[in-house]
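I've put the structures underneath this note.
In the two assemblies presented below, subunit A is common to both, partnered first by subunit B and then by subunit C.
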Partner chain A sequence: METPRPTSQSDFLVNKKRIRVLGLSLDDATKFFFGGNAVVSIIVLALITYFLFQEGIGFFGQNHRNLLTYRQAGLEYVDFIRTQESGHIALTRYLSDLRLRQYNYYVAEQKMSPAAANQALVKFDDFAAQYGDAVEPIRGMVSDLTEQATAIKTKFLIAEDKKTERQQLLVAGKINEAAAVKIESVDFAAELHILTGVLPVYKQTSAEFAKKLDASLAVAPRLTTPELMARLDRFNQLTHDYLATFPATTRSLETWDYTRPVPWYQAISAFLFGREWLTASFWQDWYGIVPLLMGSVMVSFVALVIAVPLGVGAAIYINQIASSREQRIIKPSIEFISAFPSVVLGFFGIAVLGQSLRWLSQQTWLAWVPGFPFSERLNILTAGCLLALIAVPTIFTLAEDALQNVPKAFKEASFALGATRLQTIIKIVVPASLSGIISAVLLGLGRVIGETMVVLLCAGNRIAIPDFTAGLAVVTQPVHTMTGIIAQEMGEVVRGSIHYRALFVVGIVLFFLSLGINFIAQKIVRKYRISIG
Partner chain B sequence: MDIKPSFTSPTSGRSIPVTPSPVGSTLIDIDHVDFFYGASQALHDINLKIEEKKVTAFIGPSGCGKSTLLRCLNRMNDLIDGTRVANGQIKIRGIDIYDPSVDVIELRKRVGMVFQKSNPFPKSIYENITYGLRLQGRSNKSDLDAVVEKSLRGAALWDEVKDRLHSSGLGLSGGQQQRLCIARAIAVEPEVILMDEPCSALDPIATVKVEELIQELRTKFTIVIVTHNMQQAARCSDKTAFFYMGKLIEFADTRAIFMNPANAQTEAYVSGRFG
Partner chain C sequence: MSPSTRHEFQSRPSAARRWESAALWLFRTATYVILICGALVFGNIVFKGSKTVFTTTAPFINVPFFTEAPESLYVFDYQGQKREMGDREFRAFKATHPEAKDIKAESYVYSAGGIFPCIVGTVLLVLGSMIIALTLGVSAAVYLSEYAKQGRAVTLIRLAILNLAGVPSIVFGLFGLGLFVIYLDWNVSLLAGWFTLAFMVLPVVITASEESLKAVPKGFREGSLALGATKWQTIRKNVLPYALPGILTSSILGIARVAGETAPIMFTAAYVVRDKLPWEGLTSVSDFFFQGVMALPYHIYVVSSKIPQNEYTERVQYGTAFVFLVIVALIATCSIVLRNKLRNRYKW
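== the complex of A and B ==
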């Protein structure tokens, strides 16, 4: 820029000693330095998001192939019959539970000796054995078919591997080597003929099985109490329901066709609504997020149930009631909790909390608590308690901020009208800061749902959907979580495999969950921020 | 529901019946009061008798202790850590309000307060006015409706807000908000209303309205008003107390303070030579 020539009068305004760094004035350098920092963080964020999606998105294609193989290799066909078999297993379990109840009744109520009780149950045992053995032909059939289907699948997978190998050699320009790779293509129609050929045999076996079950029900002995008889009736009903599913199974087998395409959306729905996360299985891998999602949700829910009253209550105390001396002691103490590395909290959870909770649950005077006693040291409750500890500082600090923002004038006006401290807190202070408190809770939730180390160490790591029929006792069951599974399995998977990509998709779900929670929290704060007139 | 006949705790048993006394008899007796914020003394040996159904103005330069004394009268200073009345007594109808047996909640129902900055709750106009009544457990709808109308009429606000009783109190103008706060204070039927510079944040027109309101309220309530505005003190008060450096310099009829002050400092202040 052309600057006017300084005359002798205006000379004093011209900066004679301008510092220049790399040709930039000091102001510009400052601007670039701080602006650069902001840009770097945004670029890193974008890179992480891109990487997540780039690695994860391939999962759905692979999962589609996975499901397709499941069908083409006949695994699906075998699983129809396997489902029938496992239905029977569940029923025999019911039966052994019934026997235990009857046994307990004999021993506890009728004061029989164990030997006498077993003697009295001989007829029942005969019945149970007859009922249980009825499935044997079906079971044999399933195990034969399993072997055959596995063989087809293995053959197919080897062929796929060879194809990949040849492709790689071709890309590398080694045409001769590529030609040498022998690919044994799989003729599904011929291979599956062995499987589908058993259908007539199955029909006969199934009919006999049904007949045997029916016959065994007829010889069921009477049980001694009305309550047990009601259970036996229920068992009869369950068996009849079970038998009623046989025609459907047969129909599925008859209409099954390995060429039927797997719709593309099933690759997504099998992930989002899949109830099984089963990897490295000899049979079929399933990547369903539901058990992991439920685990994360349950653990976070328990954590919030504990952390919200503690965090908000402490914030109200500090902000409204405590003397300044108490504030100086309590506030840093609570914030200090977040200084614990979560792995330390984790082994505290294993060594102390889990142990103590189990010990507590086994005290007879606490037997009335739902879920007590429990034997799993590591479960939802243990992990939830520790996560609560992690959420408390977040909730406390943010809720305290929200309370602090309530104008003192509201409080004074309330007191001047003759309100007690409790009335002022409940009717004025908390409602006026409610949006801040809610967002504090949501941010605490975001903190908890992303926490990894504690749940990995303390949640029990059993991949199963918690059994909600247990009522409140559900919190004493072990679960696995989304964060935990990533931390646990990511180190062992082959890069680029379906399992590897499945873990990335779990990461994406987690990312969106956290993003959503934070977004809602900020939205609430902005929308309901009280205007202070 | 009538005003409870005492402000001692119902559980403490000590209860002194309130008998209406003639205009001009002493309602609040401030007797040799020293007051401290921690180690620093804010009030020195204050002696003052506030008369019933009159408007008493506290004037003086900033930091002279007039607001502190006002907030002693309903024990709002209790909310600040480390404050105490070291010597002397403040008696309302002969009862020492700093006596341990006194129920502060009951005291504050009897001695209402309007603040410098209007502070309606972030609730509806209706909820603002019924807040004090609901605290006392009154929830009868028609009863509350009646009180809301009466209080808003009393605060000369009824005609302006009667159609939007259920919209937020924060939506009113500054002057309306301050009158809403006055309505809220008179809804619980106090005997005394303390006003801490009620017009300092208002424009001249809103100020005039509040001053007119004070003239109406004086027939029913004993009013103590702190003000920086000497014309305001001259216009609306019966008695004026001039404070300086935590001491009561002069207390007399308003006319006397402004026309013929006995003390040289008072004279200097009211004539605008310092402060």
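== the complex of A and C ==
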């Protein structure tokens, strides 16, 4: 816009004074005001990224120190032996399972009284007791060493605390007070000597342990059915495999060295590939995202398996088949479902759905379904069903839009060639809108994976990687999820602690996961959009 | 249809036709399964919740439930009778009945009284965040649809909006915690909750507003500009008034979303329990903005996860869920109905 020169101002018949502030006319100012508001979205996105990283990035340093302490205080050393012990526990569990099967066989098939069945199992019990007791020396050793290692760790942590205290005093300028803070430095080499000193004893104990196991296997009684015998053989095999790991354990103990540095990348890989999320434990905290990620993925997967056929099917029905009256009623109804607050759905899951599903699973005529019956009321399936209800409206609305965008000419041409309605839908309309449908499913996935309240309330909140050996029954196990863990633990952690920062890092993972899903969905729409030419 | 009534041009039954109708029925079933599931959830909550919310005697509505604060519920046997009392009532009872002093009572937190503070908190949260979101969102939409020329900046803005829409709500909660609660030191407060929620619905509001602005015909703007009005005058007098109904109705859906979210306010604005109402005990005006509140969704989370399920606790659980669901559903229904009406009204 040209500004009239002051001299020629009187030449105009209509003259308007423009108010200018800082060289901006009112119009420019409004424009900048609106523009500024539009930029807010960029700023918010940037701020989200910034603050997630600001709070989260310190985790990796802390985790590195955490892992370093684990090694230096000898916890790692003790855990080598502990692994050996827990291997034995798993085997004894197998054995007691075997006993239960044999007992059931006696009672159910041979109609023995419980007392008689127990009588018949005396020999087996002797064997199991001998097998189970063999580990005692090792167990005693582990518990002794655990105490010692914990003592070293505590000592070290106290020293670290004192150091930070002194540092803070120095920063505050209180030099005298800082000097008064006594720091007991931890001499790891000396302290760990007690730990590493047990190696010869361990070697001997371990050898005896192996011998005892071998000996007890020799006295294993025979079981009554071929199936149980096969299991016993399997048990023998497992024990031999287990015994074969002993030399490796000894070797790791021999070569263990507390001075071996922990590479920096391990702080990251321990988080990304760590299979344990264990916090506030007296021994060692682990921050591994895998169980949470697997939980989120499993729950979302179940939700999508249910929601995709329903959502896409309904979209096809509404867009291609339904009468206009049906359309007018059903479309708003499904939109209405999308307004259900997730916390209400979560409550519904706790109060009704969980119990109903469990009741259903305990019906005898449904016993053939994998995973049925289950005892956990809140599990992947319960959460997945409810999440499906959340995902369906999203998938339905977007898929319906995609179907709507298919040019009418496509359909007409298909009909003109003599195709039936079903043929037209399956061969013409759906393929033409496939990119839109896929992106609808992806956006539904994004919605489901970021959903918090339903999984927090209904997924069972057990931090464990689902046991995939159970086959399809895996969906009846409880899990914990990324969103759930943040919501549950963020209220209880100390600000700035490693746990607090770990939760922020989980948030970062979630943030980028959803951005990634969003990005792929957009990409698919743009790349495979059909040209209407 | 019997063969005798079949006329010549009618299509003959065939395997393909049977397949077709089977497939069409499959699609129909999918649609109705969704509707039935939705109706089941809605029906269950409404049915069981209405027992708490409504009464059989006048005024037919459980007034204390809407006007009182949550209390602990005490259940005890007294002279062979089962009595249930709220916290205050129980204390008064003990004071008047000295013999009942050492009576053993089972207590259930939050299971008596009402949900008034939660309703107030939710209303405050929704109002504040919607004011912020509407100001920011409508302005941004005006810029995008009226002023902006295609360019890198605008592409970037649109990309940001699109991505912001996909960010999980719990991440917004973390962001609010990091920025407002910790960095700006607002603590757990209304203000922190407002901004967190406002940023969360921003994409919804921007997209809805832009759509409504785009629906105003070009001729309106051109006519005004031709008469010598400035751009801002044109927008103020000839574009916004026609777009405003659309903007507001579509943004109501945003309100439903704000009211329904729990995760973003968990660490930014919501308290598990607070005895003071937001306008009580204020020493200065700013205190109002820097206080946490109780909120309905968070209260539902607390009562459904932290207390056991039984006949005593069920009332407050279902009652709260019912009230909340009905509020959100009403807002959503308003939005859907208004939008459909609007679509029919404005045809330029």
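Keep this in mind: the second predicted complex is superposed on the first by the 503 of 533 C-alpha atoms of A that agree within 3 Å, B and C clash if a C-alpha of one lies under 4 Å from a C-alpha of the other, contacts with A are read in each partner's own complex, and residues count from 1 in each chain.
Criterion: a residue touches a chain if its C-beta (ideal position, glycine included) is under 8 Å from a C-beta of that chain, and two chains touch if they have at least 3 such contacts.
Everything quoted here is computed from the prediction, not taken from an experiment.
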Task: Partner chain in contact with A:S323 - subunit B first, subunit C second, else both or neither - done: first
TODO: Mind working out whether A:Q168 is in touch with subunit B, subunit C, both or neither, as first, second, both or neither?
DONE: neither
Open item on the list: Applying the document's definition of touch, where does A:I428 land relative to subunit B and subunit C: first, second, both, or neither?
Closed with: first
Open item on the list: Looking at A:S356 after the superposition, I want to know if it touches subunit B, subunit C, both of them or none. Which is it: first, second, both, neither?
Closed with: neither
TODO: Check whether subunit B or subunit C contacts more residues of subunit A in the superposed model.
DONE: C
TODO: Go through the superposed model and pick first if A:T420 touches only subunit B, second if only subunit C, both, or neither.
DONE: both
- [ ] Using the touch definition from the top, say if A:S86 reaches subunit B (first), subunit C (second), both or neither.
- [x] neither
- [ ] With the two complexes superposed on chain A, say which partner A:A409 touches: subunit B (first), subunit C (second), both, or neither.
- [x] first
TODO: With the two complexes superposed on chain A, say which partner A:G491 touches: subunit B (first), subunit C (second), both, or neither.
DONE: second
Task: Contacts on subunit A seen with subunit B and repeated with subunit C across the two complexes - done: 420
Open item on the list: Quick check: in the complex, which residue numbers of subunit B touch subunit A?
Closed with: 74, 76, 79, 81, 105-106, 108-109, 112-113, 115, 117-122, 131-132, 135-136, 170, 174, 177, 181, 184-185, 188
- [ ] Name, in rising order, each residue of subunit A that touches subunit B in their complex.
- [x] 323-324, 407, 409-420, 423, 427-428, 431-432, 530-531, 533
Task: subunit C residues touching subunit A - in the complex, by the definition given at the top - done: 16-17, 19-20, 23-24, 26-31, 33-35, 37-38, 41-42, 44-45, 135-137, 139-140, 142-144, 146-148, 156-157, 160-175, 177-179, 182-183, 199, 202-203, 206, 230-232, 253, 256-257, 259-263, 266-267, 297-298, 300-301, 304-305, 309, 314, 317-318, 321, 324-325, 328-329, 331-333, 336-337, 340
- [ ] Please name which positions on subunit A make contact with subunit C in the complex.
- [x] 26-27, 30-31, 33-42, 44-45, 47-48, 51-52, 54-55, 309-311, 313-314, 316-318, 321-322, 330, 332-348, 350-352, 389, 392, 396, 420-422, 443, 446, 449-453, 456-457, 483, 486-487, 490-491, 495, 503-504, 507, 510-511, 514-515, 517-519, 522
